[in-house]
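Dropping the structures in below, format is structure tokens.
Here come two complexes built around subunit A, the first alongside subunit B, the second alongside subunit C.
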Partner chain A sequence: MVQYDTHEHDVLVIGAGGAGLRAAIEASAQGAKVGLVCKSLLGKAHTVMAEGGVAAALANVDDRDNWKVHFADTMRGGQYVNNWRMAELHAKEAPDRVRELEAWGAVFDRTKDGRILQRNFGGHRYPRLAHVGDRTGLEMIRTLQDYGIHKGIDVFMEFTIIGLIKDGARVAGAFAYDRERGLFHLFTARAVVIATGGIGRAYKITSNSWEYTGDGQAMAYDAGADLMDMEFVQFHPTGMVWPLSVAGILVTEGVRGEGGILKNKDGHRFMFDDIPENYRQQTADNEEEGWRYCQGDKNARRPPELLTRDHVARCIVREIKEGRGSPHGGVFLDIAWIKKKIPNAEEHIKRKLPSMYHQFLKLADIDITKVPMEVGPTTHYMMGGIRVDGDSQMSTVPGLFAAGESAAGLHGANRLGGNSLSDLLVFGKRAGEYAAKFAKENGPVAVDQRQIEELGRRALAPFEENSGNHESPYQIQKELQTRMQELVGIVRREDEMNQALELIGELKERAKHVRVEGNRMYNAGWHLSIDLHNLLTVSEAITRAALVRKESRGAHFRDDYPNKDNTLGGFNVVLRKSTEGMKVSMEPLREMPAELKQIIEEQQK
Partner chain B sequence: MQANFSVYRKEPGAGSKAGRSTYTVELPEDATVIDALLKIRDEQDPTLGFRGSCLHGYCGDCTVRINGKAGFSCAVKVAPLAAKGGEIAVEPIRNMPVIKDLISDWDTFLWDKIDVIKPWLEPNGAASLDGEELIDDKVMAKVRQAMSCFYCGLCDEGCTVLPVDFKFVGPAALTKASRFLCDPRDHATAERLRILERPKGMWDCVHCFEASEHCPREIAPTERIIEMRDMAFKHGITNEKVARHHHSFANSVRNSGWLDEGRLAIESEGLTNIKGLMKLLPTAAKAVARGKAPIPFLHHKRPGADKIARIIEKAEAKEK
Partner chain C sequence: MSSTATFKIWRGDANGGEFRDYQARVDEGMVVLDAVHQIQAEQAPDMAVRWNCKAGKCGSCSSEINGMPKLMCMTRLSDLPLDQPVTVEPMHTFPIIKDLVTDVAWNYRAKKMIKPFSPRPPDAPDGTWRVAQADIERIQEFRKCIECFLCQNVCHVLREHHLEDKFIGPRLLTFTAALEMHPVDIEDRLYDLRKLDGIGYCNITKCCTKVCPEEIHITDNAIIPLKERVVDRFFDPVTRLMRAITGDGKK
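After this line comes the complex of A and B, so read on.
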């Protein structure tokens, strides 16, 4: 018999980043008793690292902006495989969510007349990102956290979910362990919100920290929920490439928003060489115009450095592959050059990009106000995830909701910078609201003891492993990360991905023989051995989805199918658990209402 | 590069004894201390416990003591420490109970204390959903600086009161309180100050400035604590021993030109604080026996007291 403590809530929220906190606050405001579980300490979630800002069509800096433009930008960025309903709600509701955050205590940078200042970002037609220097995420998470304390939410820090518990078709809670003592906990709940973030740790070079092992996606999949769009993994074009120990760490797009330019080893500004047709009209064709855009000239078009992330990442890969990279295998990102354009450039850079300035000074001994940085693509964000209903954020499992990065739909094939913070707020709120509603409308859940026993047994297996050919969880994770990076990375090919599938199969077998040393108290090796199941599940999902999308779209680039295929553009790839393993299907997009179609057409002009 | 580490070890549980483990690791030249810890855990000793999330100085999760100096293990380079020879000592930060190895208990250390200071905005009504509030960027500079706190714990680590009195609310929580006190949109100033006035609150700080020295974000916790005490005086929230002490001190100098020590002792305790006054008795008796008792009703004005009073008046006028 597995021993455990029981905690009862109306709504259980898994993950305490922006989406989880916002969901918990909303569910609590609706009168639900809310439990919030997070893998590390409260406030250390990845939202805290978001630098650039939160996208909302407040139209404070450019009055031509409105929700329609934001909607069209998001759809174009996502190459039209987005869930259009989510893109619509997101564009409409983001401004309210941003103002609400200020009413709760946040303070964004101001315009001269005291309104919320907005900055330029890739793929956004007008300056749209409300920001706090380059510490926007910290401001958001701190505000939500403070406000959450006010609302009396039960927080369980350093708890990790092993799996969801179901009552028939419906979700009934989750089974967890606490990291400190290694004891088991049963959380029963009438509704569960997953807000666990991304999958970055399935790759070797990533901006994500150790927590991001696809837990939410994997537990939802195991519970029978659909995953969608898993082939769309965003590689952020600018991560640090040097020193090696910090390779992958993010360099905010804000650097380019403030006028930073990309150059190869010959000093050539290569982004002008390849501007995609559908963005040509909105992109500057000379350096002077690009600079004027960064200075706020409304008549100027944006520089090519601010094209969508997928495109910029591929251009950088091309430069590196063709031998024009920087000494440490990246390209140069130069913000210091603006001293030719403005007085006090050094002070300006330090004020606008304080975290970047300190990051490079501290980690790489480089003063970005004087010399260029070296950057290269890094695994950053999962556009796909748990398939949800656009309005309620409920997954295909009744009572199971998802929001933020762990949910699919808003971003389609490629996410625009700044749209993730607004995503957290808009859909975190919606998920919390509808989860509370579901909890109210549906009766109590019954818990099936067998499911608990099974999860408990699975979790403890690594302590009992004695087959003689045991494995280290770190070794398996390392192999998976290295091979996913090589075989299912920025540029993909059928034969390589088949190799990856084979490897994932082998690693799954080997993971059964993982052995951990020591006891259950604060044992990181044990924790990873439980995470491995999730890493392998999402890696398989990414690979299988990427194999069937035989075209290149957004963040998904196929060397063997380098062009877009209009037929495939009408489908999402959906993954579902079946008795024969992971089932892949192509499901047609829902028909977009005429008025939204019209908005997109108008905005293309 | 080869480096030797001596790492603090302790198993969870009250009865367990602390010790040290030594490790020798081969590292790249630019490695940081957390790179070394990760390598030790992944390759040599999977039971080693430590925290660390973002690995580049954003999250404040990996704070430890390295060779006796507190810092982020992700930001301290190994090479200069290894060059000195010998072992690099890695220990948990001070002033916090240890759960295991380098992992400290933040619940009692920070969270419980932050809960106390009412860590949320009580808007004065101007902010609303419909329109955004017009805010002057400059007015908010101080709030923004405080908001850049990422709970790394370094200020509390450096605090010289916490080792003596663990129940002191500490500079991190007081910085959080300051964030709301200097926010013009908040209307709960008096209520906040009354919370902070309680025992173990702002008056327990001894302004040693270690917190400000330790803060990696230049938030200046000590200066903020001094400011909130000034605020308390301005709001007339002074019913606390240290505040009464300040008051009595100033009044004495104002009225007589010098310090009336007897009155200071009595007024600091509070005239109605019988228990506190009783505690003064043995000292007073000893002083009387040695002929050194400062008797309040024998205290007289010193020559030039009027001039001193005028100086105080002028200074106060300037303050206003």
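After this line comes the complex of A and C, so read on.
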């Protein structure tokens, strides 16, 4: 018999990043009794790391902006496989959600007339990102945290959910261990919101922390929910490449928004060489125009460094592959050059990009106000995830909701920078609201003891493993990360992905024999051994989805199918658990209403 | 070019523990957290350590390295004398959970006692405020705090005297300063600062400021101005008299 404590709530929120906190605050405001569980301490979730800003068409800096432009930008960035309803709601509601943060104490940078300042970012037509220097995520999570702690939410820090519990078709709660003592806990709830973030730890070079092991996606999948768009993994064009120990750490797009330019080893500004047709009209013709854009000239068009992330990442890969990279296998990102253009450039850079300045000085001995940085692509963001209803954020399992990076839909094939923080707020709120509503409208749940026994047994197995071929969870994680990076990375091919599938199958077998040492108290090796199941599940989902999308679209690039395919562009790839394993299906996009189509057409100009 | 170095890492739990020696490979650019991870993956799989961002942004990896309170992810090995063992131990002020992980829950409980942000009515019909950049710059400094609790760890009022039930410590004084100096906030926390938060216990040693990885001027910019406000309110007879006459109790 597995021993555990029981905690009862109306709504259980898993994850305390921006999405989870916003969901918990909303559910609580609707009168639900809310439990909030997170793997780390409060305020340490990934959201804290976001740098550049939160996208919302406030039109404080450029009054031509409005929700329609934001909607069209998001759809174009996502290559039109987005859930258009989510893109619409997101564009309409983001301004209110950002203003609400200010009412809760957030302190954004200001315009001259005292309103929230907005900056340029890739793929956004107008300056749209509300920000605080380059630490916007910290401001956001701290605001939500400091507001949320006064709202009667039960917070369980350093608790890890290892699986969902179901009552028939419906979700009934979740099973967890606490890190401190390693004891089990049952959380029963009438509705559950998953807000567990991404999957970056399935790759070797990533901007993501240890938390991003795809737990939410995997537990939802195991509970029968659909996953969608898992082939769309965003590789951010600019991660640190040197020193090796910090490879992958993000260099915010804000550097380019402030005028930073990309150059190869010959000092050539290569981004001007390849501008995609559908962005040509919005892109600067020459360097001078690009600079004027960064300076806020409304008649100028954006420099090519601010094209969408998928495109910039591929251009960088091309330069490196063709031998024009920087000494440590990246390219140069130069912000220091702006001293030719403005007085006091050094002070300006330090004020606008303080944490980048600090990060390079401390970790790489590089003063970015004086010399260029070396950068290269890093695994950054999962566009896909749990398939949800656009309005309510409910998954295909009744009572199970998802929001934030763990959910799919808003970003389609490629996310625009800044659209994640706004996603967390808009859909965190919606998920919380609809989860509370669901809890109110549906009766209590019954818990099936067998499911608990099964989860508990699986979690403890690594302590009992004593077969001759046991191994360390660290070894398996390392192999998976290295191979996923090589085989299912930025540039993909059928044969390589088939190899990846084979490897994943093999690692799944080997993962059954991981052994951990020590006891259950705060045991890192044990925690990782439990995460392996999730890492392997999402890796398989990414690979299977990428195999069937035989075209290149957004972040998904196939060497063997380098072009877009209009037929495939009409489908999402959906993954579902079945008795024969992971089932892949292509599901047609829902038809977009005429008004939205018209907006897209108008904005094409 | 790779060499090795010795790391003396504290291993144990609330019942006690000891330093254990580990050898780690050292490559260019490595930080202490990399060495700890390497040791964890290859030699001590059950070792407990907190981290998240590995870029000095989340404040999880606080510890004492060669006796100095630091973030493990921002302490480069090239800045340490590697001919001697590098000691890595948990923060001393907080109760040990295991190895490098301490129980910092008190900080969260104490924060909850501080009166939350409370804005004046919006300035504009759309529910927003007009605030000049110049008026928020000083609180933006405080809001850079990553809650690493290193300042709490070194403050002697907490570290030596353990007055946790009487004194909220430099982090939370900085937090309070950010609220008190917020141009839109109308709450009054001066009474609490004096009576509940124990601002008087701080004797301006500035140890907190020295360790802050965000380089926040905790003592000069946050604590001293708050102390002045408290003094003005409660001890300055002229101000007190004026207030009695004008009825103005706010900042």
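By our rule, the second predicted complex is superposed on the first by the 605 of 605 C-alpha atoms of A that agree within 3 Å, B and C clash if a C-alpha of one lies under 4 Å from a C-alpha of the other, contacts with A are read in each partner's own complex, and residues count from 1 in each chain.
The rule is simple: contacts are C-beta pairs under 8 Å (C-beta built on N, C-alpha and C of every residue); 3 or more make two chains touch, one makes a residue touch a chain.
Predicted, not measured: the structure shown is a model, and the values here were computed from it.
A.B. asks: If subunit A is used to align the two complexes, do subunit B and subunit C fit next to each other or clash?
C.D. replies: Subunit B/subunit C on subunit A - steric clash.
A.B. asks: For A:359, is the partner it touches subunit B (first), subunit C (second), both, or none of the two (neither)?
C.D. replies: The answer is both, since A:359 touches subunit B and subunit C.
A.B. asks: Is A:589 touching anything from subunit B or subunit C once the two structures are fitted on A? First, second, both or neither.
C.D. replies: Touch status of A:589: no partner.
A.B. asks: Touching A:525 in the superposition: subunit B (first), subunit C (second), both, neither?
C.D. replies: both
A.B. asks: Could you tell me which stretches of subunit A are touched by subunit B in one complex and by subunit C in the other?
C.D. replies: Subunit A residues touching both partners: 40-44, 48-49, 99, 102-105, 107, 109-110, 113-116, 132-133, 135, 138-139, 142, 146-147, 149-150, 157, 180, 209-211, 243-246, 249, 355, 358-359, 362-363, 472, 474, 478, 516-518, 521-525.
A.B. asks: So in the complex, which bits of subunit C are touching subunit A?
C.D. replies: Going by the criterion above, the answer is residues 13, 27-31, 34, 40-42, 45-60, 74, 76, 97-99, 101, 103-105, 108, 111-112, 116-117, 119, 122, 126-133, 136, 139-140, 143-144, 146-147, 179, 182, 185.
A.B. asks: Could you list, by residue number, the parts of subunit B that touch subunit A in their complex?
C.D. replies: 11-13, 28, 30-32, 35, 41-43, 46-49, 51-61, 75, 99-101, 103, 106-107, 111, 114-115, 119-121, 123, 127-137, 140, 143-144, 147-151, 180, 183, 185
A.B. asks: Which of the residues in subunit A come into contact with subunit B in the complex?
C.D. replies: Contact set of subunit A toward subunit B: 40-44, 48-49, 58, 96, 99-100, 102-105, 107, 109-110, 113-116, 132-133, 135, 138-139, 142, 146-147, 149-150, 157, 180-181, 209-211, 243-246, 249, 355, 358-359, 362-363, 472, 474, 478, 516-518, 521-525.
A.B. asks: Using the touch definition up top, name the residues of subunit A that touch subunit C in the complex.
C.D. replies: Counting only subunit A, the residues touching subunit C are 40-46, 48-49, 99, 102-105, 107, 109-110, 113-117, 132-133, 135, 138-139, 142, 146-147, 149-150, 157, 180, 209-211, 242-246, 249-250, 355, 358-359, 362-364, 472-474, 478, 516-519, 521-526.
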